[in-house]
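Several structures are given next for inspection.
Next, two complexes with subunit A in common: one pairs it with subunit B, the other with subunit C.
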Partner chain A sequence: MTSTATNPNGSAVETVDRRRPMLFRTDVLIFLSLLALVTVGATVLAQAGFVSTSFVKLLGKTLCLCLAALAMDLVWGYTGILSLGHFAFFGIGGYAIGMWLMWDRTELIVVETLVRGALPPTPLEIEEAIGTQIFGVVGSSDIPWLWTFAGSLPLQLAFAVLVPGAIALVFGWLAFRSRVAGVYLSILTQAGTLALSLWLFQNDSGLRGNNGLSGLQNLPGLDHVPQSTVSLWFLWASALALGLGYVVAAWTVSGRFGSVLRGIRDDEARVRFLGYEVEHYKLAVFTGTAMACGIGGALYYPQAGIVNPAEIAPIASIYLAVWVAIGGRGRLYGAVIGAAVVSLLSSWFTGGGAPDIDLGVYVIKWTDWWLVLLGSSFVLVTLFAPKGLGGFVDLWTNRRSTRRDDLGPDQGSLRAEEETP
Partner chain B sequence: MRIVSLIALFLFCVSAQAHAQGGPVQTLLQTHVDDIAKPSRRTIQPVLDDLAASGRPEMVGFLEAWANKGIVQREEDGLFFYAERDGDIYRLRSVEDGQDAGEVGRREATELKPNSGVRKLIATALVQFQLNDPDPDRRRAALDALTRNPTPELLDPLRKSIDGEEVADIRARKEALDRLITIRFGTDTETRVAAIEWMSTQLSLEARAALNAVLATDTVVGQPDSGANIAGLLEVGRDLTEDQALEILAAEDIVPDRVERTERDEVLIAAIEDGAIAGIPVANLDTEDARWAAYGRLVETGDAEPLPDISAVGDLIAANPIYAVFQEPDAAVTDAAQAALQEVENRVLRAEAVDLGLDALSLASIYFLAAIGLAITFGVMGVINMAHGEFIMIGAYTGYVVQLFVPDYTASLVIALPLAFVIAGAAGVALERLVIRHLAHRPLETLLATFGISVALQQLFKNIFGTQAVPLTSPDWLAGAWVVNDVIGISYIRIAIFLMALLFLGLLVYILRRTRLGLEVRAVTQNPGMAASLGIDPDRVGMATFALGSGIAGVAGVAIGLFAQVTSEMGTGYIVQSFMTVVVGGVGSVFGTLAGAGLIGGLQKGIEWLNPSNTLAAQTYMILFIILFIQFRPRGIVAQKGRFVQ
Partner chain C sequence: MSALLEVSGVSKSFDGFKAIDNLSFSVGEPELRAIIGPNGAGKTTFMDLVTGKTRPDSGTIRYGELAQDLTRMSEAKIARAGIGRKFQKPTVFDDQTVTENLTMALKSPRSPFTVLTRRPSMIERAAEVAQRVGLRSDMNARAGTLSHGQKQWLEIGMLLAQEPRLLLVDEPAAGMTAAERERTTEMLVEAAKTRAVVVIEHDMEFVRRLGCRVTVLHEGRALAEGSLDHVCADPRVIDVYLGRPETADA
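Right, the complex of A and B next:
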């Protein structure tokens, strides 16, 4: 690969992973052990009663967000596609699993009520009662076609992955084949996300309009299991998904496939001239990461308890990009660090955990000022620390860049460089 | 002290007395004192005419009270008063001005009790009063009430009031109401048809309602009588659903009534004996088919009402044709009404198309104003400024703050527009110098960094001005709307925004085509490297375009704030729309942005018109359309050409 000379980061990874099996690479090992430590630690502390259920849930949710950030890093940090729509896939995953959770639980409740009647309930009666229960809030009792398979857990689980994948496939195919790239693609993905969220906001979308799906924290038929236990199950499931996701992502970016991706990021035209089907690579990454986001969402929203169209709004996807940027693009652990640090800090600040600062004339309440801090620190990171928090790891491992004017991993978007003949 | 209060009491009594006797209303009433005290249908009309001829507005209140038994005549002097019964006394109020006029015992005054015939005449006279009221607004209110509830008796006073009517729109409404009543209550075919034909030149909802009322139908099963005015045969599948047909037939007892599932279940539950219904165990009734089967057995044993035979519905309907018959027996009238309705609907459709065009134009000018600043900065610097929406917001808040200090709305607007340009422009320059310049040639990072600015600015303004929307009030001369007819109308603010968009279009075209700066801007847009080597300072040009683009966004913010809510989040609503406009139109071109704004505004209004209940869906479909549009014209409507186009 000719990129060895021009891209020291890529070649460094390449030489290491050729010799050692995936699981024993340093960063993967460190990451997996830390993840295990956090999960086991939280479990032990929760069982001992030192941390609350809500904290366990917060941790579990954070791990899901890290998975989404990992996907975002693959598509943006490694392939150079700034997608402002990946959080929509996350939300779709949540909707898919939420439909089953809501349907099945409502069915149990409805049947319980109906069997007390004089006649045993018919399937039609049960369906109508579910319809009234679920869609009463949007003034309807008909069951939309979207809910045809809502009673089936395996199918809805499949949809949580396949629907984001299918949408990403169609959207990506349309966009990449007409060579939409750079900021155009970003805006297009943002518009698509906006379209999806506006559609969901309607009451007759069939997904309960702006009410969204709620009560997702209650697993059907498991009412006797306390939430403290359920939260631990989800923490483990999220940790497992993130661990697997990390290994798969590390494997993806390490081989020849990963080199092509970085090549596309750094200079798409040259990769195309070398004979690679750039569009296929981009489409594969775009679709695969969308499916990963779907999995993350399917695990996240049962812990959050509610999914509504506001979750899918473009701003959420932009935050996803912000996490990755703050953590450090183009390195997998960077994305995880960014998502974990920013989302945990965010809940600490907005949840009133941070102490107010009394300036004498004005009291800074962090619930009001957190977004100002986040916005400006984000600008500062972009301006002065393009490597993000991951840059600290470089200081520690002494993995210095050979080029003084290295602009971070995103050189591919340098217009000036593209223009050099 | 006591003397003073005595004098005051004396003065009060004197003045009350003077009120009671002296006024012109009382004087007029006293001239007809006997006819008013004991009215009869034959003698009352001249009195009412005389009262009406006085033209005094106080008469309206008197007539209303008179018809509602709220007037008494005091025995001792025969004067009339408004009165309220309170136990054994009447509380009196003067007929002149409604002032308190003391009280009398129940037996010292007589309540006037006009009979129903007289009351009807009074009501008609009252209408006449209201229709001739000197205050146009009260005439309009009276017309509103009469249009809602027209009666044949109105026709006479209405026609009398038309001649003296001087306000054009009220006169037109009176004439319309005249026709409306003629159509509904007229006695001979010719005048009714003439009135119907006149209606076909109208657009109003009342006209359509009047014509629809003429065309109301009843359904008749079987061949109608020979004299009936038949509207047509109702066919199942085209005019009726099968269920509706069954319902009509059931109402005529041709088929048994439908049995709803709830009724069936009630019958079944009532028939439970020893855990079984007609021999079927209750536990087996867990499907719809099983329940209907059990019900069928109950029908056989005579314990339940029979069911309609669904399989024979087609034959039943063929044997019993269902006709729609006009309630109006006169075929000439219904024919004329059908033709007139068709004509009215065509007119309404045409007017709606014009109205839609105006709406689209106004939306397009808003999008143009919001997007043009973005288009030039995007064109020159190749970066997307996500904080552009926040410049719109800054402009709107500038207008709000100016109004806090300058209470006169016209003056504050005159101050706010240039001030918004300066402040938003300065913010734009600051953003360009502090952030965007340092991220030169990294468009994706610029996008995200400006997004950070956008988040911070929104929250900052929320902290300063609160989460509630703040008012930005337009001056009175902008408040109304230009109403062409019942369908076409556009508010003056939107016209002003349209003019403002035209002004900025002209200004920008002038700057870009005729000034040194414009030349440099175009050069940098086409090829920054070449422009720089020819001695143009791209940084200076970038800063100037940023100032210009952000300034226009600020001005647009003031304009948008005049009709939309001013909140810290108002920018986000426009940012994606603006990008769409720029991308669809073609980057870096004023006319491209104009075309994009026109396309998007027109499209959005068009989709809204097709599905008016749902503006959210309109936006969704529009965005999907744009995504597809980009497939076919990735560089927008007005595409830039050249080797170095990115």
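Right, the complex of A and C next:
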């Protein structure tokens, strides 16, 4: 679609609709290619035996964290809602899938054992045995109502997405409707997250208290498949989820919807006077991103092997915000860069990868000092590079665009009529 | 000319201070109307009441043929019903381009689902509005890089794009150069040919140029109404603007 008009200095200005299909946008293409490169590269290296299974798992987990960061960027970087609870949705996704993994695998083991008895086991016996196996650690053998559908993979998969979505919907509706915004909303989300993790810590929460759900790396019925293969499956699944998430996020923040979101971030009242129901938009983004976090968690915890209430602790959600801030708010690849760089560095420093520094009088052990380093880099980024790591991409694109097209003299300098009083 | 907006007996006080005191006011369609008044006369509160930002303590505000009660509607709903508002300070989205600003404002479905999934090209409509407010060649510029006057025009453009029936404009000429003022006057007079436009202004010279009916607001009440010359001759208006000549009374 093209139309032309003449501007004051006589040259024609062309208005072209430059929208390209989402998949063919430059940043989406670059991102997807890099993601494919990493995934294929890791697979090839893993099968050739150059990288360990634990490294593949680390990579897969990082991709899931990137997905959560992407969601955080949508809700915070674009819409301006500083939610300090999105990692709780991630954890809920992990719990949902963890319940099925634990249940199904325990059931297989229990049945196998009971079959050796004189009589074939009744369903009740099987259920009791499963209850004792799973809940023995919290001194119980009753199966809590939360586990009603734990034996069904499709349902638990659905819960991994729907439960975070439902919680976000109800919470968001209450908060946004009362126009709770800014720091108050952050505190509210933080409090909700804390409440959830405290509840999970209790033994009678029905989710094994502080033990959490464990053994999640073992897929039921697939004991014969080595972890090196399972880790690759999850790497691919995580890459697929992240790739898809990126495309959906890029589509969401493009066009008028994206404009409205950024408008809400910058001047909520003005958007209202344009006729947009700000609360509905916020609710849509809050809920959608909660669901994306649920998916991320459902893929992350089978790779981590364990999910426990500490994962949901408020600090995790704060990390999420720190990743997005360091990577660069309001740009999708910024969130991914931030999450990947910081979480990989974090594993390196806290996993004993970084050598200790001997100062003579004091030895800097990175396992203790990593948080200090992270904290100071957060402060430094906020002060000196408010656009985050992703901002460095601008240096490159700006240089390219100024070289490419000469825009000619500034319109304002040509406007003679302004000088006449 | 039937009344489009009918404000009757509206009062609003903040912590005991009566910002609007039993105000009645109506404006027809099409009409250009100026509201003048000294500081604290309640001009901005009046706008807040009509656009749903504040709720009145008493009184009714009716709008349109259906006599919709604006005091019960949300800001967004009022905006969708056809009331556009321009703020005193230019409030455009600095971070976004002129095109994006205008596209957001263009009259179109506003629900999140529709906006997300239906994406018709609106660039031609945006270009048309940009042409009307003289920003045709700046469409790809970020609004933050525009001059003060251009921002005001962009905001007027955004209002026009909304295709409102009633336009509330708060001090449009503030901080503008003489040439920009003239252009702004033209835009407002042009807009008022097909709709109701209410302009709130301090600047008497600007109001004179609009050449329209004037309502003088003072302490939350409508003090006088009529042509500018008529209200300027009103002794009460002179009192309010020049101060009560107490020494002469004594």
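In this text, the second predicted complex is superposed on the first by the 380 of 421 C-alpha atoms of A that agree within 3 Å, B and C clash if a C-alpha of one lies under 4 Å from a C-alpha of the other, contacts with A are read in each partner's own complex, and residues count from 1 in each chain.
To be clear about the criterion, contacts are C-beta pairs under 8 Å (C-beta built on N, C-alpha and C of every residue); 3 or more make two chains touch, one makes a residue touch a chain.
Please read these numbers as outputs of a predicted model, since none were measured by experiment.
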Partner chain in contact with A:V278 - subunit B first, subunit C second, else both or neither: second
First (subunit B), second (subunit C), both or neither touched by A:F378: first
Subunit C versus subunit B, contacts on subunit A by residue: B
Partner chain(s) touched by A:L174 [first = subunit B, second = subunit C, both, neither]: first
Which of subunit B and subunit C A:A269 touches, first, second, both or neither: second
First, second, both or neither for A:L124, with subunit B first and subunit C second: first
Touching both subunit B and subunit C, residues of subunit A: 418
Contact set on subunit C toward subunit A in their complex: 51, 53, 74-77, 79-80, 84-85, 87, 91, 93-96, 100-101, 103-105, 108, 110-113, 115-116, 119, 121-124, 127, 131, 136-139, 147, 158, 162, 177-180
Partner subunit A, residues of subunit B touching it in the complex: 265, 268-269, 272, 282-283, 285-288, 290-291, 382-384, 435, 438-439, 441-445, 447-449, 451-460, 462-463, 529, 572, 576, 579-580, 583, 614, 616-617, 619-620, 623-624, 626-628, 630-632, 634, 644, 646
Residues of subunit A that touch subunit B when the two form their complex: 82, 118-124, 171, 174-175, 178-180, 182-184, 186-188, 190-192, 194-196, 198-199, 201-202, 204, 314-315, 318, 321-322, 325, 368-372, 374-379, 382-383, 386, 407, 410, 413-416, 418-419
In the complex with subunit C, residue positions of subunit A that touch it: 1, 3, 5, 7-8, 13, 15-17, 19, 252, 255-257, 259-260, 262-263, 266-267, 269-278, 280-281, 284, 411-412, 417-418, 420-421
